[in-house]
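You will see two complexes here that share chain A, one where it goes with chain B and one where it goes with chain C.
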Partner chain A sequence: MHKNLKRYFPVFALPTCAAFAMAFLIPFVMGIYLSFTKFTTVTNAQWVGVQNYITAFTADNNFINALWFTVKFTVVSVISVNVIAFFLAMLLTRPMKGTNLFRSVFFMPNLIGGIVLGYIWNLLINGILSYYGVDITYSAKYGFWGLVVMMNWQLIGYMMVIYIAGIQNIPGDLMEAASIDGAGPVKTLFKITIPMVMPSITICTFLTLTNSFKLFDQNLALTAGAPGRQTQMLALDIYNTFYGKIGWQGVGQAKAVVFFIIVAVIAFLQLYLTGKKEVEQ
Partner chain B sequence: MKNVKKILATLLIATLIVSVFVSCGKKDEAVVVRYLNFKPESASIYEEIAKAYEEEKGVKVIVETAANNTYEQTLTAKMATDEAPTLFQINGPKGYANWKEYCKDLSNTELYRHLTDKSLAITVDNKAYGIPYVVEGYGIIYNNAIMEKYFALSDKATDLTSAEEIVSFEQLKTVVEDMQKHKDELGIDGVFASTSLKPGEDWRWQTHLANIPIYYEFQKNNVDLTSSDTEKINFEFSDQFKNIFDLYINNSTVAPTTLGTKIVDDSMSEFALGKCAMVQNGNWAWSQISEVQGNTVQADDIKYMPIYTGVEDEAGQGLCVGTENFYCINAKATEEEQKAAEDFIYWLYSSDTGKDFVTNKLGFIAPFDTFEESETPEDPLAKEVLRWMKKDGVTSIPWNFTIFPSQTFKDDFGAALLQYAQGTKSWDDVKQLVIDEWASESAAAKS
Partner chain C sequence: MASITLKNIKKTYDAKHTVIENLNLEIKDKEFMILVGPSGCGKSTTLRMIAGLEEISGGELLIGDRVVNDVAPKDRDIAMVFQSYALYPHMSVYKNMAFALKRKHEKQEEIDRKVHAAAKVLELEEYLNRKPRALSGGQRQRVALGRAMVRQPSVFLLDEPLSNLDAKLRAEMRTQLKKLHQDLQTTFVYVTHDQTEAMTMADRIVVMKDGVIQQVDTPQNLYNHPSNQFVAGFIGTPQMNFIDAKLAAESGRYFVCFDAYRIPLPDRMVKARDLADYTGQTVVLGVRPEDFHGEAEYRLKTQRNLIHLPVDQAEMMGAEIYLYGEIGKTPVVAKIPSAEPVAAGDTAALALDMQAAHLFDKRTGDAITD
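Presenting the complex of A and B:
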């Protein structure tokens, strides 16, 4: 049987490998190549070397501003999403009525697409701000906190489900032993629960970190960068460079490659750091 | 038995994989016209045209339509495929700069020969790369029923007796501000429809309205529009731009601070519902007025007025008339495909069936001499544009915004206008931003 499987391996793996190559590997390699060229369409490119990378950083401050805004947004939303999601998970793993209903309700926002969500929150936030005679485009602060609130609303349910799974996996005898030894709720939380759900924390921070960093459609629908370009995040800046300036497709591509490197480095760093804290059960 | 099963399984998998690849790579052998349409509102009409053309000439036309505001994106993506459009469009000299490698010389085509005003085409070294296929005009659309109501008031602050008599910014300002005072008597929320400044909905100001001061500046300095002199501006008529822009935002249906939420559709429906008397837009907006539920505006009451901004001698100023729709034929397509595309557009603008579609369904004012005097669209806005084009002593303003440096420039200008309306940016800063970004974006496009 084992031998048979080995023989058929190429047959079974081929469709997936082909799809992976077509949808990921080839575009990825092409994308890196295009970042060194000037092009209008992807099949028609001229080599220009590292010029695009220089232009991306020196021509204007848009990329740096967007990077800074993205970092601030990511820090705030990673912390708020995970803290709130964790406490919701704690709450909903207690023996009480209706936990399943609450879990579904909290999870639901995650099922709505980003653009729709952005427009819904745009209407909601503008509806409230209109009492003060302004709207979300009035100040970058409104845009920033609008994005944070929306991100929380969307991701908390998802992260909560992961944390619930983690908390439910903590062996009951461990908790029991802790309470017999006289550990209070706070001590139990920090000495038992958090170390035991560390794998969930790793995966949740990874997901929120990368999702916040790569945020595009919500950003486009909620603020589109207004006022000015002050609430423009990296992905939106890349998009605007690519399509908003004539002959700058290559620069947009170069920004995208830099963007990829930043996301990859941060993600690996985070996985390494939180992964180190995981304990064996 | 075991072997049979094995062979059968392998065969099944093989057919599965093969069929996946085959269905991906299927290709039509017959010559077709692939048209990437710019106007989503006309998508269904183009489908009808394609059907009629196939019935008459036996050549298949495949119409694809880019979603609103995504033409460049769609074109960029489609151009790299095997099924690249053979017929597409550019928006003027800037679009040509981006797509020049894909634009075939069209100066020997039938359609170009019939173009009434050759200066409208995109030409470089006597070769035409883009043929304009529609002429459009914009100005201030007003609802004459409300204007008549105002001019009938006993305590009006002006001697004028009809909107037709307004020929300068001063007169317009007096009338508008007085109307705003009498808005309750006139049954309106404000004179002007809301100035839509939501990002992506601000093109009526950062592009169309900005055309006027830029046109006057280029004219005053005798700037050759094809030369590199257009790479710098001083925004000399910024005060005039501010004049009209202030008038729009301060005499409107809504407060200036809420303009960041308003979209073009909001403005058009306010006009259609009779909540305001004036709105700045072009003749393409007719469907946006006529199709609004509960529309109270009579077609006969819809009139055009030029956008007066307070420059000297503006009595002779007409509407802004021009186009940003130019047909291009893909230079990288095969010769047969190029020929098929040429034949198709010529048929559309010269045969009786085609012309009927153009004037009556698409509602285009076509710039070709294949059209008779009588073959013009019937909608009130198009009729008004034609009336203004023919009016004695009035000169239309061309669409110089086709040489605005880039979308980034327009977006940033629009964002600055919004901040100005909200009171968070001074007019001097807006002016400086326009001058600086014009120069930097022009330089960026060249590098």
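Presenting the complex of A and C:
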């Protein structure tokens, strides 16, 4: 039986493998190839070596600025989203009335798509700023914090649900043992709760990290990079390079490859670092 | 080292559900007290109230002579061993045991000394750097004990600590726990649903049912003088036989009559209590399986209240054999030496030792004579 199945392995695996190759592997490899060419379409490409990469970093400061802005935004978002989500999860796992209602309400922003969310917050923030006679494009600072607030609003509920699951998985008698052992609320938090929800922390930081780093729709809808290109994040910069300037497709492609490498490195590093601290039960 | 006093303790989880109505209990200093009873009778609840993990709805709890109703668990000078052990999975055995000492800000050398001393007693020295998941059930159980020991509390609280171990290990740990109690010279309060554990380890046993204490006494007294039918049935295996019988009186002598039998009550029972009230009424005769004697045994004894038990089933246990049958319509178990030549299908002639028998009130279940 087992042997028979093995013989048919290619038949069963082929459709998925083909789909994976067509939708992901081939475009990916071609994308890397195109980043070394000057091209307009996939068939009309001339090899230019690493020229695109040099251009990306040296022709103007856009890419470096976008990278720096993205990094700042990501660091602030990852910390704020996770700290607030964890705090809310702690609150909503206490035995009190109405926790289910709060959980649902906090989760709801997640159901709204990025572009819509961007425009909603654009309206909100501009509505408030109009009292002071400015709008969100007045200063890069406004754009930055606007993005952070919006990101928090969107992601906190989702992360909170993951943290709630993690916290509820901690056996109650562990907490009781800690209370008998003399651990106060702070010690219990740092010595018991946080180590015990390390798997959730790994997942949540990973999700917030990649989501913040790759942010595009909301960035486009909220500030579109204004003022100037000061609030332009990596993905938006790549988009603008690719479609904004004739003949810069190759450069855009090169930026995308660099972007991919950064995201991959961050993901692996982060999984490795937090994974080491996880409790294996 | 401290006594524990429960005065009119009441526990309700919600308005309509009272788990414990009114519980009074005195646990002496250095005593090994075991709370036993069927599952759901409120043993853990009682223990957790002593620990401070469960709020007390009414009454007073004293540890030593201090009222601790509103004292936090950590300030009650107690340690608890949980059924699940509740070891901190992300900490090594050493850190698990040192955790409470660290919270008390003891010196590192002092912590080190105490942890190693406990590890030595519990034979855990070579596992100190392991995480709990890399230990066997028995080792985890000892870590849980060690974690309690290092704190040198005045009271040890243990909630079914042996129920996750296999039978052999459980028997071993019973002896070890008993020894540990003697060495530590502290008060132990131990919860179990297993009467064997209670009988083998306790100085005194509390038998509970539905949140009500049925009897508090030494294992010996519980076995010999159960105060009601529930205690009589709960303590001892196989369970005591209960046979409905009519109490008859004739010229100053009393008899229990059931099926075709009419057995005189021994003087002990007659003297203990005026039985006139029960004369002519149905009472419950309680006879432990081991108080039936096979032929080889009873020939040596003077008393011969012979019962003829048609044996439906004979269960060989090694030194003993359990005989199952019915007298009238009542199922009866007898436990006799396996040397007796009895097999299923036989009718065994068994002598009933009335000196060891009990009489219970049919209606209330209380012992008439014990």
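We adopt the following convention: the second predicted complex is superposed on the first by the 266 of 281 C-alpha atoms of A that agree within 3 Å, B and C clash if a C-alpha of one lies under 4 Å from a C-alpha of the other, contacts with A are read in each partner's own complex, and residues count from 1 in each chain.
Convention: a residue touches a chain if its C-beta (ideal position, glycine included) is under 8 Å from a C-beta of that chain, and two chains touch if they have at least 3 such contacts.
Not measured: the values here are computed from a predicted model.
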- Query: Are chain B and chain C a fit on chain A, or do they clash, once the structures share the same frame?
  - Reply: fit
- Partner, of chain C and chain B, that touches more residues belonging to chain A: B
- Message: Per the contact definition in the header, classify A:Ala59: touching chain B only (first), chain C only (second), both, or neither.
- Response: first
- Task: Could you say whether A:Lys187 touches chain B, chain C, both of them, or neither, answering first, second, both or neither?
- Result: second
- Query: Which holds for A:Leu234: it touches chain B only (first), chain C only (second), both, or neither?
  - Reply: neither
- Task: Give one of first, second, both or neither to describe whether A:Ala177 is in contact with chain B, with chain C, with both, or with none.
- Result: second
- Task: Would you check which partner chain A:Met196 touches, where first means chain B only, second means chain C only, and both and neither mean what they say?
- Result: second
- Query: When the shared chain A is used to line up the two structures, what angle, as a multiple of 10 degrees, is there at the CA centre of chain A toward chain B and chain C?
  - Reply: 150
- Message: Just to confirm the value: shortest Cα separation between chain B and chain C in the superposed three-chain model, in whole Å.
- Response: 45
- Task: Within their complex, state which residues of chain A touch chain C.
- Result: 171, 173-174, 176-183, 187, 191-192, 195-196, 198, 279-281
- Message: List the residues on chain B that touch chain A in their complex, please.
- Response: 10, 13, 17, 20, 72-73, 76, 79-80, 94, 97-99, 101-102, 197-200, 255, 257-258, 260-261, 406-408, 411-412, 415-416, 418-419, 422, 424, 440-441, 444-445, 447
- Of all residues in chain C, which touch chain A in the complex? 51-53, 72-74, 78-80, 82, 84, 86, 88-90, 99-100, 103-104, 133, 147, 151
- Item | Residues of chain A that touch chain B when the two form their complex | 11, 14-15, 40-44, 55, 59-60, 126, 130, 133-139, 223-229, 240, 243-249
